[in-house]
Amino acid sequence: MRVVTFGEIMLKLQPEGYLRFFQNDKMLATFGGAEANVAVSLANFGVDSRYVTKLPEGPIGQGAVNSLRYFGVDVSKIARGGDRIGIYFAEKGASQRGSVCIYDRDNSAIKKSSKEDFDWNDIFDGADWFHYTGITPALGRNVYEILLEAVKLAKKKGLTVSCDLNYRSKLWSRESAREAMTELCKYTDIICANEEDAKDVFGINAGAATDVKGGKLDLAGYEKSASELQKMFGAKYVAYTLRTSINASENEWQGMIFDGKDFFYSKKYLIHIVDRVGGGDSFSAGLIYSLLNGKSAREAVSFAVAASCLKHSIEGDFNMVSVAEVEKLAKGDGSGRVVR
Amino acid sequence: MRVVTFGEIMLKLQPEGYLRFFQNDKMLATFGGAEANVAVSLANFGVDSRYVTKLPEGPIGQGAVNSLRYFGVDVSKIARGGDRIGIYFAEKGASQRGSVCIYDRDNSAIKKSSKEDFDWNDIFDGADWFHYTGITPALGRNVYEILLEAVKLAKKKGLTVSCDLNYRSKLWSRESAREAMTELCKYTDIICANEEDAKDVFGINAGAATDVKGGKLDLAGYEKSASELQKMFGAKYVAYTLRTSINASENEWQGMIFDGKDFFYSKKYLIHIVDRVGGGDSFSAGLIYSLLNGKSAREAVSFAVAASCLKHSIEGDFNMVSVAEVEKLAKGDGSGRVVR
Amino acid sequence: MRVVTFGEIMLKLQPEGYLRFFQNDKMLATFGGAEANVAVSLANFGVDSRYVTKLPEGPIGQGAVNSLRYFGVDVSKIARGGDRIGIYFAEKGASQRGSVCIYDRDNSAIKKSSKEDFDWNDIFDGADWFHYTGITPALGRNVYEILLEAVKLAKKKGLTVSCDLNYRSKLWSRESAREAMTELCKYTDIICANEEDAKDVFGINAGAATDVKGGKLDLAGYEKSASELQKMFGAKYVAYTLRTSINASENEWQGMIFDGKDFFYSKKYLIHIVDRVGGGDSFSAGLIYSLLNGKSAREAVSFAVAASCLKHSIEGDFNMVSVAEVEKLAKGDGSGRVVR
Amino acid sequence: MRVVTFGEIMLKLQPEGYLRFFQNDKMLATFGGAEANVAVSLANFGVDSRYVTKLPEGPIGQGAVNSLRYFGVDVSKIARGGDRIGIYFAEKGASQRGSVCIYDRDNSAIKKSSKEDFDWNDIFDGADWFHYTGITPALGRNVYEILLEAVKLAKKKGLTVSCDLNYRSKLWSRESAREAMTELCKYTDIICANEEDAKDVFGINAGAATDVKGGKLDLAGYEKSASELQKMFGAKYVAYTLRTSINASENEWQGMIFDGKDFFYSKKYLIHIVDRVGGGDSFSAGLIYSLLNGKSAREAVSFAVAASCLKHSIEGDFNMVSVAEVEKLAKGDGSGRVVR
Amino acid sequence: MRVVTFGEIMLKLQPEGYLRFFQNDKMLATFGGAEANVAVSLANFGVDSRYVTKLPEGPIGQGAVNSLRYFGVDVSKIARGGDRIGIYFAEKGASQRGSVCIYDRDNSAIKKSSKEDFDWNDIFDGADWFHYTGITPALGRNVYEILLEAVKLAKKKGLTVSCDLNYRSKLWSRESAREAMTELCKYTDIICANEEDAKDVFGINAGAATDVKGGKLDLAGYEKSASELQKMFGAKYVAYTLRTSINASENEWQGMIFDGKDFFYSKKYLIHIVDRVGGGDSFSAGLIYSLLNGKSAREAVSFAVAASCLKHSIEGDFNMVSVAEVEKLAKGDGSGRVVR
Amino acid sequence: MRVVTFGEIMLKLQPEGYLRFFQNDKMLATFGGAEANVAVSLANFGVDSRYVTKLPEGPIGQGAVNSLRYFGVDVSKIARGGDRIGIYFAEKGASQRGSVCIYDRDNSAIKKSSKEDFDWNDIFDGADWFHYTGITPALGRNVYEILLEAVKLAKKKGLTVSCDLNYRSKLWSRESAREAMTELCKYTDIICANEEDAKDVFGINAGAATDVKGGKLDLAGYEKSASELQKMFGAKYVAYTLRTSINASENEWQGMIFDGKDFFYSKKYLIHIVDRVGGGDSFSAGLIYSLLNGKSAREAVSFAVAASCLKHSIEGDFNMVSVAEVEKLAKGDGSGRVVR
C-alpha cells in the first residue's frame, strides 16, 4: 500500500548535545521536515512511502534526497531545480531552557515551485493515501494552490486524505492559515492536531482555560475542541496529541482520537526526552500506518502514541523504529530492559 | 589476595550516545564480558585480579588484552590462538526504548578452546578465590567441561568459589542451563543471582507474581527464592540484586544477601542511568572484595550495591571506581556534590 | 555601565560527557574561573564588563584572553607575564557519582603577581561596580593585598562593591579565610553566599542542623545565618543560594535576599543538570545586573535565580543566556517548549 | 541501462585517521566490498545499478542495505537470512607503513547461501550487464556454483559479462582460484586485472621481472601478460591497472586496455593518497560505464583511470564522484583549483 | 594604527577532513569572508583592525561577530539587521580532486544593506588604511555605491586605500566587474591581484599564454600584466600572487610587487596544503601590515608571501600566525623543526 | 631480558589534527616522555621493559601509569607522591609551519623527587640494560644525583648502559649539560645522539658547516663528530640519527653507528610525516632491542632506523610497531601495499 506525502524538507543544522549555537565549531547536518518525517516513519513501518517536494540540483539537494532514499522512501517524484534548500538552525533545550528553532527557508526550491513541477496524476499512481501538514500551504500562495490541486485530485481518485494542522506562527498569520486550511480540510478525511492548533487555525476555543505551559491538561476542553473540529469538516477522525511540557527534559505524552461519536484515549507516557523534534509527525505516521492496515480507532491511537513516545528517545527528526518495537511498547513493556 | 575469573571477553561495538545502529558512521569499540568486568572492577579495588580466557593472536585479540592490562589485571594466563574474538553490538536505550544487544560470538577462540589451553594448577597458583558466571558454561560443552575441571580443582585447593547465574536465553536453553549449573553449583560457595535467573535456571518459582516489567518488587517472593536456592546447594551465601526498571533511563536498585539464616538488605537507590551494562558484574565484584576482606554479610551487600549503583553512572562495561568512592556512597553521601 | 571583576581564570580540562578521567584520549579544553564566569555572564547581559587578572604570554595565556574577548569582555587591563596559567581538571558526575575537581594552580601568573601589575586607578576608570569572590584572596597573601587595595579604592571612588564568599577548603584554612574576608567585607556592599560558606568563613552557625547532603533545607536557619552575616558588616544586601543536591543529576535551586529588614525568596526550581559548574557565579551576575539596573531586591533575586537555573542547562562554566531568556523564565515559562 | 553485480558486502571497522587498531576507542563503521563498491560507483554515474548478495535480518544487515540504498542502488534482489555479516578490520597506512586488513568473514550469510536464495532469471530482468570479481567464487564452493549458474544465464540472455580477477590469498589457494576462474572466464567478455592477479590466478609470467614493491613497472611485461590473458579466453577486452606503490602515501596510477589488437594507455597520475581501498573497483566501474555508453576502448580506459584516480582522494570504499567530475579530470584538469 | 576593512562575512559549512558533502552527519561551522580574513590576520599581527559589514540580529549573526571579536577585531561598527547571513558550503579537495565551493548568499543582510547602515565618517575615525576586495561591489549595486562612497571619503581623509581584485564569476559578469572596479580603483593606492583577475576584470592580456592549470608560470607575462594594471590607475603598488596548482595537495606559491619601476619577487615556496582558502587574503594582510609599518616593497612582498605560505598550513579561512612566526619563515627557516 | 629506563613522563595536550592551540575546544590528552617512549617501544618489541619515574597520587598520575601498563610496561617500581605531573602542550606543524612545544613541567613529582624514592638495587633486580636520556639530569641537580647513583650501580652490576644525549635548551644551559653529561657518560656504553646534540653538549664541532635547516647533510662532518664523541668516553658504540628537515611534512631520515673502527650507515628514508615526536626515542629503542638480541652494529642501525621511520607514520609519542613490522621494512618493503 502506497502513501504519498508532500511538503518541504530542510537542511537542519544543530550544535552537538546540549550546546548553544556556535559554542563549538561543529554542527550536526541532517535533513528533516514535518512531511518527510512522516514519510520516513512510514517507510520504517514497511509502507511503500512516496515523498514529493522540490529540491535544488547539486550536492546539497542530493544530500536531502539520499537521506530519504537511505530509509527506502520513494524519491522518484521529487522535482529538481531552484536555487537553494531551506535551512533551519535547531538548538536542543534542557531542563528549564527551551529548544530554539531559527528558520532560513525563504526562497527555497519548494517555496518557489510552480504547478508544472508536479504531475499529480502520475504521483498518485498506485497510491492509497495522501498526507500533508499545515506547513505546506504556509510556504506560499503558489504552494497552497499546488496542494489544493493535489487534495482535490486525491479525493477524486478515492485516496484517503489526512493532514496535521501544524500551525507555524513564523510562517503565516492565523487569518491566512484559517482561509487556506478551511478550503483544504474540505477534502481531508482525517485531521491530526492539538488543542492549540485548533485554536490558532480555526479559532476553536475549548472553553476551560488550558494552561499548557503550566503543565495542566483539561480533557473536557480537549474533547470539546476535537468535537468542534470534527463537526466543522465532517472528518472521519480527529486525532489529538496531548503534550504536557513539564520542562525541556520531561514531558507527558498522550493521544486521543474522536470518530464523531466516541473519544478513545491512549495510555499516558512520562518521557525522558532525548529529542522531541518530530514527535507529532511520528504520531501521524503511526495513525496512518494503523488505519491503513485496518486497525480500530482505539488500536490506532494506542499505536500512534507508542510510536511517538519512542520517537522522543531518538536523536533527529526521523522516527527510526519498527512496527515490532512500537507494538512491544503499546502492549505495555516500557521498562527499557535488555533482552540478552 | 588473588582472585581468578574465567570467561569470554568480547569486542563491543556501540553507537555514540543514544543513536540507533548506524545512525552515523562511528562506533565505540571497547571490550567487555561479564567475568572480565568483575576482574577489572576488582583490580580497581586494588585486588590482585587474574583473568583467564582465550583470545586470537593479532591486533584485535591484543586490543582485548591491553584493555585489561590498562587496569592492572593480570593477563599472563590468557591463552592465545583461535580465529576470532566474539563481538557484540550494543545500542543504548533511553526512556521507553530499551537497550538492544546483538551477539556475533559464534566460533570465538574461547568457544573453540580445549582443556589443553588452560593449566588450572598453574592458574590457581597463589589464588584465594575463583569466580565465574553462567555465561561461561553456556559457551559450549567443551567450555563447560573446562570450567567444571576448574571449579573442582579450586574447591580442592581451598579457594572460595563464587558464581553469578547470569542466564542468557540467546546462548542456551533452560534445560541445558539447569543441568550444567546444577553440577557447577555443587562446588560453589557463593551464588549471585536475581529472581528471574533463579526461575530460569533452577525453576525456582517465588510464588507471588513479581511483575518486573511493571516495576513492582515483592520482597517476600525474593526471600523465598533466595532461600530455596541456598538450600539447593547449601551455599554459604546467596546474594540477589533487585532491579526495578522504571524505564531505560531510571531504575531502582537494591541488593539482598542471605546467609542461610538472615536476610540483609542494602539501601535502595533511585538511579539516573548513564550505562547499565555491567551493573550485575560490579555487584559481584563488590561482594567478592568485601567478603575477601573479611566484611560481614551486611557490610558486603551494602558495599556491593553502592559499587554497582556507581557503575550505572559510568560509560562502558567496566566499573571504574575506587574503594574510597564506593565507601563514601555506602556511608550515605549520594548527593553528588563537588569537593573543591 | 561598567562592572570590574578580578580573579583567576584557569585552563579547564574535562573528559567528554560523563567519562572518567582518561577514559578516552580526548579532553575539552576551555577556560573558567569564578570571577571570569561573572564577567562573561554580565557581558552576555549587555553590561560593559571589564575583567582583570594576570596571564602568561604565549598561546596558552592568549587562549584565555580570547575566550573572554569572544563574549565581548573588556580584556584591556589584563596583566601579562609569569610562567603558567592555573589548570583544573574537572570530571562531571551523574546520579550518585559526584563531580571531581583537581587543581593544578600553584605558581600561576596571578598567584605570583605583585601590586605593580595592576593600576587600579586606571582599571576603575568609568566603572560603577567592583566584584570579587573569596577565591581571589585565597590565592596568596600578595593577591589578598592587591585585592584589599582595590576594594579600598573602589569604595573611595564610590563604586558598589560585591563579593561571593566562595570558600575553597583546598586553597586556604578557615582561619585564614576569616581573617582576610573580615577585612575585605568591611568595604563590601553586597555579599553573596550560602549557609555553608557563612559557617566556614565566619563561623556563623545557623542553629538548626541543616543536612545539605541529605537534601533538606531549613529556611529559618538560612534566615538566621543571613541575618547574622548582614549585621556583621552592615551589608546593604546579603543574598543566599539554596541548593538541595538530590543527586548529581537533579538539584533544587532557590535564592533568597535580605536587605537588613525583609527576606525575599525566589521561586524554587527542580533542575535536570547539564552542568552545575558556574551556578553560583551566574547567580552573582544576575544579581549585579538587576541591582545595577535599579531593580528591587525581590526582582533581583528572581532574575538571579532564573539566570543561574538556566546556567545548569548549559555546558561549561560560562552562562550563555540573554536578558530576554532569563526574563522569560523568571516570568514563569519553564516549560521548555519550542517557538516555531 | 541496468548493471547487475554480485558479491559480498561487509561491515568495515576502521580506526580514525592514521591511528592503529584500538589506539583510541572509536571506529568508523561503514560497509564495503569489491562488487558493492562497483555497484555504488555505477549508481553515482547515473546507471541503474542492481546489487545482489545475502545479508542477515536485523539492524546490522539492514545497515548494509541502507548504505547501498543511500546511493540509489537497487537492493530489491538482496536475499535476507543467515546468521551474520562478514566483517573486516582495516587500518590505514601512511608513508612506509602499509595498510592492514584483517578478515572476520567466515560463516557470513552470503558464504552460507544456497542456490535457492537467488532467482537469476528474475534478477537479470531488464539487465544489460553482469559484473563479478574473483572474490565471489573464493567465498566457497556453493557460492562458486551460484555464480557459475549466473554467468551462464547472463551469457545466454545476451548480457555483457565482466569480471575483476581480484585474487585474495587469504581466501583461497592459487590452484582453487585457477580452476574456478578458468571456468568462469569462459563466459566473461571483459577481464579487469593487474599483472600480479594474472600471475597468481593463471600463472601468466610476464617474463621480465616486474619489481612492483620497488616501484618500477615494465610496460612490455604488462602487454605480454594482458595479451596472454586475452588469448586464454578470447576476451573482448582485457584491462589492466598499473599501480606503482612509491609508499603508502604516494602511488602512481595508470591503466591499459587491450582489445586483442591494440594496447591503449591512459595518462599516468601521481596520487597523494587519501584512501586507496576501492581503487580497483572504481576502475572497473569506470570501464563498465564507458563501454555501456558506447565509448571507445581508448576513451574507456581514460575515463576509468580518471575515476579511480579520484577515488584515491575520497575516504571509504565507495567512489563518490559524478561523471562530470571524472570527465573534467580525464580532460586534463588535475590542478585541484577551486571554482568560485 | 587602525585599518578598516569592509565586506561580507559568511557562515562556512564544511565536512570534516577530506569528506565529501554529507559523507557523514557532521559539519564544521565557522565564519569567513575575504575582507574578514584580512581583518583577522591584521589583528593577529597586532594591528588595530576594524571590520565593517551588516549582520542579522540573533545568535547566528552574533556567532559571526563573536568569531571576529575572539581575535580582537573591532566589531563596534558592524551594522545589525536584515534577515539572514550568507552561507557557503565548502568541500576540501585532495590530490586531483579540487575543492568545491557552493554559495547560498542571496538576500544576506549585507547584500540588502543601504547607505543608512554605515556612517563612514564615524567608521574612519582614527583610521590610517582602508581595504576592500572585488567581492564587495559584486554583492549588488547598492553595496557598490556604499563602497564607492567609502573609498572616496577614505581618499579625501588621507587614508591609504588598498584592494584585492578577487574576481568571482559566480557573483557578477566580467563587464559589471570592469565597470565597477574601474571606478573604485581610481581611489585605490595599492592593488593586489593575480594574472587571471587582471584578465577577467580589466581584460589585461599578458600575451604569452600562461597555463595556470598546467602548472607553468610565465614571469614575463606576469610583469607585463602588472605593469599594465599599474599604469591603468597610477597605483602606488601592484602586488601579484603567483600560484602554481600542481594538484589540490601541492602548490607552488610566490609573490611579486611592482612599484611602477621595479619588480620585486619573493622566494618561491612549495607548499603541502592543509587548507588553501584565505591564501590570497593572508597575502593582502601581510602586505598591508608591512607597508603600514614602513617596510620596503621588497620586504613587504617577502613578508606577505611568507604569511600566506603559513596560511596554507592552517585549517580555516583565518590566518592564525604572529609577526614573529612570519618573520622566522621570511628569514629562511622553513624546515618545520621543533624548538624544545 | 629486562631493560630499565628512567625519566619523566608528562601529560601531553595537543589540538586535533593540524589545528593551532585552542582553535577548537578539544585536546588530545595522552602521556609521553623520551624515556617512557623508549620503554613502550621496547615492550612492543616483546622486551621485559621496566620504567622508573615518580608520579603523583590520584587519577591524573594514575592515567600515566595506566597508559604504560596498557602496553605491558612494568610499572611496579614507579614512585608515587608529589603534587603534580609535568605537562607539555604540543601543536603539530605542517609544511613550512613548524611544530610548537610548550613546557609546563616545573614542580613535577619527578623534579622534586629525592634519593629515598628509588631503591636502585631493587629496581635493577633481574635487569640487563639501563637507558636514560639527557633530559633526565636536566630536570634538576637532585635528579642528576639520583641518576648518577643509578648509572654507577648499573655499571657495577654489569648492566649495559645507554643514553640519548637529547639536549633541551629550554631545560638547562650548555654548560650545565656538559658538566653533568661528562660525568654520566663515563658510565655509559652506548651513546645515541645527533650532530647538534654533540655540538651543544660537548662542543664537538664537526668542522664543515652542516646546514640542518637548509636540508643538507655532510656525512664527513657526521663521522668526525661521532668519532670525537666516541673517543671522549671510549664508548662501545656511538649512534647518530641524521634528519634532513625538508619541511614539517617531509623529512629524510637515516642512521649511522660507529663502533670505534667502522661507520655503518642505514638506508635513507624519505618520510611523509604523520607525527615526528618520539622519532629519536624509537631509534634508541630499536638499537637497544637489536644489540640486546646480539645483532651486529650494521643490523642494529638498520633495524633502529626502520623502527623510527615507522614511528613517523604513527600518531602520538609511542612507537606502536612490532618486530615483524620493523623487519619487513628493514628488509626493503616500504611500498605500503596491503596484504589481503
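The first chain written gets the first letter, and so on, giving A, B, C, D, E and F; residue counts start at 1 in each chain.
The definition used in the following text is that a contact is a pair of C-beta atoms (placed from the backbone, for glycine too) under 8 Å apart; a residue touches a chain by one contact, two chains touch by 3 or more.
On a predicted model such as this, the values are computed, not experimentally measured, just so you know.
Both chain B and chain F are touched by A, C, D, E.
The chain with its Cα centroid farthest from the Cα centroid of chain F is A.
Of the two chain pairs examined here, B-E and B-D, it is B-D that is joined by more C-beta pairs in contact. Where the sister copies chain A and chain B meet, the same residue numbers recur on both sides for under half of the interface positions. Matched by residue number, over half of the contacts between the chains of B-F recur in the interface of A-D, chosen from A-D, D-F or A-C.
For the pair chain B and chain C, the distance between C-alpha centroids works out to 44 Å.
Centre-to-centre spacing of chain A and chain F amounts to 62 Å, using the average Cα coordinate of each chain. Of all residues in chain E, those that touch two or more other chains are 17, 20, 25-26, 66-67, 100. With chains as nodes and touching pairs as edges, the resulting graph is complete, every pair of chains being joined. Put simply, chain F touches chain A in their complex at residues 24-26.
Taken in their complex, chain D has these residues touching chain F: 17-20, 23, 93-101, 168-170, 212-215, 245-250, 276-277. Across the interface of their complex, chain D is touched by residues 66-67, 69-72 of chain A. Looking at the complex, you find that chain D touches chain B at residues 13, 20-22, 25-30, 58-60, 63, 66-67, 83-84, 87, 89, 91, 100, 102, 104, 106-107.
Residues 17, 269, 271-274, 306, 309-310, 312-316, 320-321, 325, 329, 332-340 of chain D are the ones touching chain E in the complex.
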